[in-house]
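Each of the next two complexes has chain A plus one more chain, namely chain B in the first and chain C in the second.
Up next, the complex of A and B:
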């Protein structure tokens, strides 16, 4: 046993020594290339460690801390609360179904729009593209304001319906309800989905589609059996990223408050008595869940992921 | 068979109008509130279907010079503060983003795909990173340094992707080998030959990550504690506390900023980047 241990540690240290040697005094072209790759990746790694990995590790430690102001001891109390309290289960359920529903809706809208952009000859196409990509640079709070403009108490849509039907505008306004929040979510998610799907659509083999059409397939059949299988990897990738976006939305829901979702509850933990340990536990659960499913999906599907 | 033809007739007849309708409705849904916001910021009242009382600059005055009520500040100081923070973030993004984009585009190595995924997928969204920063760097949050390093991690993917798209259109191996065979060392080749050639992507990436950092709300909201509010916090204060039309003017300031950025990107000719913003 002991000799094994020694040999392993010597092997490890000799491997470390070889690595250091490769990096400090490379002797072949391949070793020089390795040194270049390492030095090119180094700045990003430093940033990732300093502003990503380290804070996130601290966050995990705080979530297990017994004391409030300093990180000490070990307790799973805050995770037990998340698991056992029906209040948090309800928040988790809200978050998941709402993100899933808005993802399906935005992909459902983005597929025909991407189709039209790629296949039809449209007037003023560059203007259309600018309009469709504009909301990508808007923060969530502005998306929420857009929904207030449309469906709020003094919103355009609200007042138009009130004017026609004669009802009071406050009865019609739904910007602060679940439906209003739904529209606010898809306001930021449709342009994102579109960005991802347009790249996929550009790679579709149009010859096969034309062949299918000339052999008598209807447009719907052509889409179902020729186009859809080709865009499937991009479609799965878009679904994952848009779902991630949906789970991460915070500013929008902070303003509209239509539904109590995970991110809003994280803020409430801080706002109501600065319960940083509970907030950290919730953030940790969020991170592990999203990180885990992204890795799993990338591993086991042919999904193509880019922003 | 007949049923199938009937169905086919349906999609042949209504397929294109339906798809076009979806496109038109989407465009209206996205653009109409933006236009209404901008228009109403010049109105004095909005009680009915449409705003009335044009043209007044009162709302813009309140935003630009501040109303002096409570903790309200003028947009100028927030804009200047966010500009500085976002610029510092861009500088860090350039230092970390350009090299890793080159490594992934030029070299083949073990784990390249995963390095790429880490470089182009945000590790954690603003709110989660904000929670992580609260207790890790409590002293930095008042000085704005926490905001800068947070922004640079959150927006690094956009820089990496913009630069990568420039690198992908270059024959990197040939350029590198030509420079090397003419006697340039590798660091010199990278800094004086490769980087200048990727200028378009680097400028586009800088503009994009700058805009998104200046617009970042979730992270700023959690980490910001006191002092001049960043632009996104300024917008939030206006949306939640100011009068409706004042908020419209504040949001319009932001729209103008995005419009300027879009024009700038179009001038440097990176059309794919324009769509990404």
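Up next, the complex of A and C:
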């Protein structure tokens, strides 16, 4: 047993020495390649460890803690609450259906836009692309503010409809309802979907599309039988990306509050009574779900999620 | 099958004129080739026939009917691409039945038609394969079967053999030529390879810089090129400056009777093909400056007494010829062709 122990420690120290040697004085092209890879990935690895793995581990520990203020003991109470309490089940349901619905809507809008952008020469294309990609860098709070400006009690759209219909603007306004939140979500999600779909469209075999047209396929049939199968991996990638975005949106929902979703409830757990253990359990479930969902979908498709 | 014509067709892309006032009539069952250097407008002309480009001026007709503004899916053309353009999400059989399916042909009939074509092209065993797993030659046959499956008005072949190796190209060329003859399909064959066009097409249209330079049978194009461009593009040509006076062609170093009555009087250019120059006999001496071994023969460049260059084809029976040697040459009046146009 002692011999085994010595042997293992000897092997570990030998491996460590070899690694250090490879990194400090590589003697072959492969070793130089390893050193380059390590150098390139080192900053991100450090960041991942300190900003990702460490807090995540702490969060998981807190979620199993018996005490609400100190990390001690072990309990699954907070997870049980998430499973058994209808309130949390409802929040989960809201989160999932809303993310799914906005994903479908975003992809439904993004596919024809990507098609138009990549298939036709449009006037002022660079301006259109700037406008379309702009929401990518817009904070969720600003997006929410824009929805209020448009659909709030004194919003432009609200006032116009009130003027035409003669109804009260407060009856028409929907910025803080589910519909307002829906528009705010897809405003943020469409540009993300476009980002992936445009890249996919650029790789579509246009000769095959023309072949289909010459064989008698209408543009719609060409899309269905030839283009769609080619963009499918990008489409799935866009769905994953957009759905995950839908699950993660917080700033917008914090302002508009149209629907109680998971991220907003995490905020409430912390803001109202500092229930950090429950918030940690919710965050852990969120992380595991998103991670598992992504792994599962990617396992059965060739899609790549670039963001 | 049908007659297809381009009547004074022009295609502009902004300020660039890709096809300039081109008229081509393709007879029923004829194989028409369009040849020319890269960027001459030959693929644009094919795309105008297919309907993938809109005509700026002029008319495209199938059997006399104006189809200029009819979309590609309603033109019934079979298109074969250089890139094969097969549907990789379908099997070979599905690729071939795709066209008939779009034309609402019944399932049994389209399957029978596809199987018949696959058998004709000797690829019936590939029916259930994915196109991605096939060789270039096999993919091109699938592309051809797919295009023929709709029984098109016209078969459009866009550089279909570019990218294939030389041996396969030769085999496929013979097979395709035979197939087009057998099926009597009206065909427009676009290629930059003049040898392919010469061996496969009934007539050839030579294009340059958007213009149609000449249209004629392969022998007309080869033996009586309309201008220096056609003479230089089709085969190897010796273009020599001469003076024509009183039906006599003066080369400066020798004189010949003109080949028939001439419209040109004064300075002109004549074309002599290297294989029409008799080497080893005759009154003119050339100094050999370059030799290129080409297997079946040797191509040589010689300097004429007046300093003009002449390309010769040397038979290997001449024995060892080296640069610097002098060879005597001769050519007959019937072998020279006076170029009347300078274009």
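By definition in this document, the second predicted complex is superposed on the first by the 272 of 307 C-alpha atoms of A that agree within 3 Å, B and C clash if a C-alpha of one lies under 4 Å from a C-alpha of the other, contacts with A are read in each partner's own complex, and residues count from 1 in each chain.
Operating definition for what follows: a contact is a pair of C-beta atoms (placed from the backbone, for glycine too) under 8 Å apart; a residue touches a chain by one contact, two chains touch by 3 or more.
Computed from a predicted structure; not experimentally measured.
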| item | value |
| --- | --- |
| Side-by-side fit of chain B and chain C on chain A, or clash | fit |
| Touching partner for A:23 - first (chain B), second (chain C), both, neither | neither |
| Touching partner for A:179 - first (chain B), second (chain C), both, neither | neither |
| Touching partner for A:218 - first (chain B), second (chain C), both, neither | both |
| Arrangement angle, chain B at one end, chain C at the other, chain A at the vertex (C-alpha, nearest 10°) | 80 |
| Contacts of A:130 with chain B and chain C, given as first, second, both or neither | first |
| Residues of chain A touched, compared between chain B and chain C (which is higher) | B |
| Touching partner for A:255 - first (chain B), second (chain C), both, neither | first |
| Partner chain in contact with A:226 - chain B first, chain C second, else both or neither | second |
| Partner chain(s) touched by A:115 [first = chain B, second = chain C, both, neither] | first |
| Superposition-derived minimum Cα distance between chain C and chain B (Å) | 5 |
| Doubly contacted residues of chain A, that is, touched by chain B and again by chain C | 217-219, 221 |
| Chain A residues touching chain B - in the complex, by the definition given at the top | 32-34, 36-37, 39-44, 46-48, 50-52, 54-56, 58-59, 62, 71, 109, 112-113, 115-117, 120, 122, 128-142, 144-150, 154, 156, 159-160, 163, 183, 187, 190-191, 195, 198, 217-221, 244, 248, 250-251, 254-255, 263, 266-267, 270, 276, 279-280, 283, 286-287, 294, 298, 305-307 |
| Footprint of chain C on chain A - complex, ascending | 205, 207-208, 210-219, 221, 225-226, 229-230 |
| For the chain C and chain A complex, residues of the former touching the latter | 50, 52, 71-79, 81, 83, 85-89, 98-99, 102-103, 143, 146-147, 149-150, 156 |
| For the chain B and chain A complex, residues of the former touching the latter | 7-12, 15-16, 18-20, 22-23, 26-27, 29-34, 36-37, 40, 46-50, 92, 95-97, 99-100, 102-103, 107, 109, 115, 117-121, 123-129, 131-137, 149-150, 152-153, 156-158, 161, 186, 211-212, 215-218, 221-222, 232, 235-236, 239-240, 244, 247-248, 251, 254, 258, 261-262, 274-277 |
